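Scrolling down, you'll hit the structures one after another.
Heads up, the next two complexes both have subunit A, just with different partners, subunit B and then subunit C.
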Partner chain A sequence: MDRYYKRWFWLLVLPAILLFVCIIALPFLIGAVYSFTSWRGTYFAGGSLAQSFVGLDNYRSAFANEQFVHALLYTTLYTVVAVIAINLVALALALMLNNIRRGAGLFRTVFFLPNMLGGLAMGFVWQFIFQVVYTELLFSPDGILHVEFLRYMTQDGTKALFALAIMTTWQSAGYMMLIYIGGLNAIPGDLYEAAQIDGAGPVRRFFKITLPLLMPSITVVLFLTLANSFKLLDQNVALTDGAFGSRLIALQILRTTQDITPPNYGVAQAQAVIFFVIVAIISLLQVWLTRRKEVEF
Partner chain B sequence: MGHPGRHYFGGRKLSRAVLYLVLTALLLYTLMPLVFLVINSFKGQAEIVRNPLALPDEFTWDYIARAFTAIHFPQALGYTLLITVLSEAIIVLCSSLCAWAITRRRGTLPTVVYLCFVAAMLIPFQAVMYPLMSMMDTVGLKNIPGLILMYGGFGMSLSIFLYCGFIKAVPRGVEEAALIDGAGIFQIFFRIVFPLIKSTTVTVIILNGMWIWNDYLLPYLTLGTSEQKTLVLELFYAKMTSGQFGNPWELVFPAVLLSILPMVIVFLCLQKYFVKGVSEGAIKS
Partner chain C sequence: MHTHRKAWMGVCAALLSAVLLSGCTGTDEKDGQETLYLFNSKGENAEQFQQMCDDFTAETGIPTNAFSVGSGQDAIEPLRAQMNSKNPPAIFSMQGIKELHEWKESGRALDLTTVTDPDFKQIVDGIPADLRLTTDGQAIYGIPYNVEGYGFMVDSQMIADLFGADNAEAVIAALRDCSYEEFQAFCEAADAYIEAPSAASVALSGNTFQFLPQKTGRAQKLTGVFAFAGSEDWTYGDHLVNVALNAVFATAAEANAATDTQLDSLQGPLTAYAEALDFITQHVGGLKGATPRGSDLISAAGFGYDQSVQMYADGNDIFLQQGNWAAENIAKVDAEVANRSSFIPIKLPLTDDMIKTGKTAAEFNRCIPVYAPNYYAINAKASETAQQNAIRFLTWMQKPENVQKYIVGSFRAVPYNATPDTELTDSLSKSILQYMQEGRTLSAPYHGTPGTWSSDVLGRKLMEEYLTKADWTEADYAAIAEYGISTWKERKAAQS
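Let's look at the complex of A and B:
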């Protein structure tokens, strides 16, 4: 049998490998090379590929570009806020739903629903909510509660960061909630009974049983929200389109080629490579850190 | 056994009531933007801005009808469906075959192939998009067929990862028996293995479908302003061009409603698969 699988191996893996090489591996390697050249998208300034090498110039100008550095910082801040908000809300929703029986299915469906809807489409709706409903109705001086911070959220860089976080929490908390529910259901019930007999209160039970045994789910959710937040684009385009210094890194890379005339794809590609390095480091670190803390049972 | 909330809420019944109250409030909060979207899809610009939270003064399909033509709804829906279905077919077929071969063959080679696919999950789209677009342009694939192939490529890593996790647990004894009975390699796969891994196929289809259907960036880069646009792209350009005349929300709201409607319907009909797909996808990663 082993020999049989071996004989057919290449035929079976070929379509997948071909697609993978053409769509991801090759462009990725080419991109890494081009980031050291004066690539202009369709040609190389300075003649052939070999003549257009500029060393680390593109990386230098990427870090010298104020917008890029700002986008990096802005994305980091947004990621911190969004990861905390989404995780807390998702975990709270999962814990609450785990304590009820009747109607749990309905709540689960509704909380998950926003996740199915496009980030761009719902971003347009939220733009209106922030611009009109928040600003002129809910939180205006004549509104339900006057909160100046929640007004004109799409017209200020700092506020836009929280506007983005509010929207993405609304959109993806339900998805992460499902993962947490799965994790909670995997915890054996007799552990709680034993703890209760030993006299552990609800708070103690949560921190001594639920939280440690939920670590695998927490790893997954942290990893997912971190990656999603860092790569966020659609909502950013829809809410502010990067105005008022609210560009996230993904949008920054997309717009770099439009910022400078003639478009400098070499610099944009250098930004993309920096972006890749950051994403890769965060992901690997995250997985490594949380793997160590997981509890086996 | 046990009364978890007793010490804090003074009784199980009360704590349950509080729980339902909080959950209902959150439910309404979650639905608010959607309700808001629906009621404003039946209003004119002036009425939307004047009174966004109220029901429409008079009920009319006019704005929906106008958005229907503005975003070329039937055509855009057709393209989006075509792209989603065909790229899903490529992803499911290629990744399941590949994952099967990887898990069944022994040695370091399959492990290396597997690790290449998994490692590629770290590569963000932005890191490949400019060279990819220039390559696609060179070979004349900056169009819908090219878009389908690209989704096929981008969906491969996660799908192979999911399939591998599942196929490992499928015993190979049946395959051996089928081989002795004279079945060919594709017969073994499609008659025996493929039906066994159906639940992972559902997960793969759902996780990829949610992304492909709603994707904005790849169609924007590939199709741009061409005649053939996906739903999301039509919506994007509808919003951009309407913005020149001062944000006519009377077009944007019904257009958003139309563009999300297919997904809402699919979700409500198949929601149990979605819940299962997401949970399983997460557990395996």
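Let's look at the complex of A and C:
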């Protein structure tokens, strides 16, 4: 079998390579080139590709655009909140499910279910929840508990950031929980027994055994949540549509092509390249940092 | 068994690669005839559009391939993708002057005045001046899909229940003609009546009408004067502000070429617009009663488009600012209301000196905006044969019998060249036709504003900062106008 794979390796991986090149690599490279031109979506303003070369103008325009800078900062803030919330909730759910014997499968399914909903549908469902259930039923002065911060959550930039984080935590925590459960199951039980015999309490066992041995899962979950949070689009469109300064970076890039006519895809593309570089640097740093904490047993 | 599996894996991999490498191949010819590719931006009538294309093929033998976007989907991105494809459309749609620059600059928009075909030339020459898709008044780049109009919808039964069946027609006629001040007094009287009914009188267009002493019929459900979609910034961002823009710009092309002096002269009309919006939003009725400005008014769950249509159709409010495109949605709630509805103009507190287009304030407040939302354009980069087929298709489509059959019958739209003989099906369309025939129409200069200025900039600002604010002052009106002008100038500078 090994000989077969060695012999036909390139033929077998060719479809995957072709797909990657056609769908990811080529469009990315073309996009990067277009970010230095005055590409208008279907033509180059000024003539050909070479004639429409504008150097770093699009990048300057991107950084000079207040909305872009605001969206970048807002997205970073949202990412910090969402990554922490999703990871904490996912880990808590995983730890709880790892400790129950009956009904664990059912709970796993229930917690995972929100992940099956599409982003737009989710946004509209949560828009109703925030505007009616939160605002009028749960947290109004006549509701169960009056919490003004939790009312009209889509009508204020700060509140909207938390609204987005609540919604995406509800959506993603179940999926991330499954990765954590996989990681928890891979930790040998005898380590806990030995620690217990040595007198280590639950908290100590968690920090000295669970957390270090869960680092491979944490690396994966952090990477996924970071990337997903940075590129969140559908939920942003459906929940707030960027109102009250809640435009995330993906929505900002999308709207850049609509803000002026004819559409300036060159600037939008430059914004996308800047966005890619930032996300790539943060993600690589995160993987490098968490990998260093991983222990082998 | 193992060898078979390995062989299969190899074959599958080779096949997948072959498919990926080959790409899609197709032919654009059928029976020796070049296929006419069409792009339809109205997903709502995809089926009817396809039927029209099939009928054209059956009649002429020219094969067609129509692409319609999904219902409610934005059309411009799919159109750009189609333009970049191997078979770009020969007939495509353009949403007015906003999109014209893009297609003109790319060399794809054919100047229809250059076509020599006499039948087609006649059609192009017959497009009314205010509906022409042009930048310089000379070249014309599109044939209007249809016309749409909007204003304050009013249900004749509601007026009958407020003033008595015998007076309903006269009250609606008077509302059409009255001044802003009279309309304001009418709304205030109606609001007081909703609160505590009495046989109060209102003066409209030289006549006095008396409310019935007790609420009857639909009037019993009233909670406010206006149904309002506060979460939809396009209703007051695009459509309401468009009425004010008409004071300075007679067409979208004029707005598109606006000078700083013209923009400065918008101060008065935009102040009047802010004052009118202030008035409207003080008289909004929701499901739970009169709704003041505040967070609830911009909540999509309570004051979205669907809810405003529902409230109007259910009789919670007297007026709804919407266009004839909403007729189907109203009919879904109550077909009778849709059948009884007509338009009265949106009134603004303008003075004659604010209006630069030759109208008086009185004339202005008797008009409703009627405009072409979309145009059929011909792709100048399509082959000569495809362009000829496109010309033939559009000429065929504009034959009076086909206008009646497809545009009126199938698409349920108002043809731009409608005549008194055009048999329109719905009440709101008939109302538009009446205004057109009386020459009481305004244009759509908001189509000529930069990018998404009217909704995303001005409309969004109003939603975020003003519709949540209880009291507006004169200074607020001025600030709204100044913001509108300065941001228009900024966007204009960014575009140039």
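The rule is short, and it goes like this: the second predicted complex is superposed on the first by the 278 of 297 C-alpha atoms of A that agree within 3 Å, B and C clash if a C-alpha of one lies under 4 Å from a C-alpha of the other, contacts with A are read in each partner's own complex, and residues count from 1 in each chain.
Note that in this section a residue touches a chain if its C-beta (ideal position, glycine included) is under 8 Å from a C-beta of that chain, and two chains touch if they have at least 3 such contacts.
It should be emphasised that the depicted structure is a prediction, and the values quoted were computed from it without experimental measurement.
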item	value
Touching partner for A:246 - first (subunit B), second (subunit C), both, neither	neither
Touching partner for A:45 - first (subunit B), second (subunit C), both, neither	second
First, second, both or neither for A:263, with subunit B first and subunit C second	second
Touched partner set for A:116, first subunit B, second subunit C, both or neither	first
Which superposed partner A:229 touches (first subunit B, second subunit C, both, neither)	neither
Touching partner for A:152 - first (subunit B), second (subunit C), both, neither	second
Which superposed partner A:12 touches (first subunit B, second subunit C, both, neither)	both
Partner chain(s) touched by A:135 [first = subunit B, second = subunit C, both, neither]	second
Greater residue coverage of subunit A in the superposed arrangement, subunit B or subunit C	B
Subunit B versus subunit C as contact partner of A:275, first or second or both or neither	first
On subunit A, positions contacted by subunit B and by subunit C	1, 4, 8, 11-12, 15, 19, 22, 41-42, 128, 132
Residues of subunit A that touch subunit C when the two form their complex	1, 4, 8, 11-12, 14-15, 18-19, 22, 40-43, 45, 127-128, 131-132, 135, 151-152, 154-155, 243-244, 255, 258-263
Partner subunit A, residues of subunit B touching it in the complex	1-2, 4-5, 7-8, 16, 19-20, 22-23, 26-27, 29-31, 33-34, 36-37, 40, 49, 52-53, 90, 93-95, 97-98, 100-102, 104-106, 109-110, 113, 116-117, 120, 122-132, 134-135, 149-150, 152-154, 156-157, 160, 172, 175-176, 179, 185, 210, 213-214, 216-217, 232, 235-236, 239, 249, 252-253, 256, 259-260, 263-264, 267-268, 271, 274-275, 278-279, 282-283, 285
Subunit B-facing residues of subunit A, complex	1-2, 4-6, 8-9, 11-13, 15-17, 19-20, 22-28, 30-31, 34, 41-42, 93, 96-97, 99-100, 103, 107-122, 124-126, 128-129, 132-133, 137, 170, 174-175, 178-179, 181-182, 192-193, 196, 201-202, 217, 220-221, 223-224, 230-231, 233-234, 237, 249-250, 253-254, 257, 265, 268-269, 272-273, 275-276, 279-280, 283-284
In the complex with subunit A, residue positions of subunit C that touch it	2, 6, 9-10, 13-14, 16-17, 20-21, 80, 83-84, 98-99, 101-102, 105-108, 295, 298-302, 450-452, 456, 460, 463-464, 468, 491, 494-495
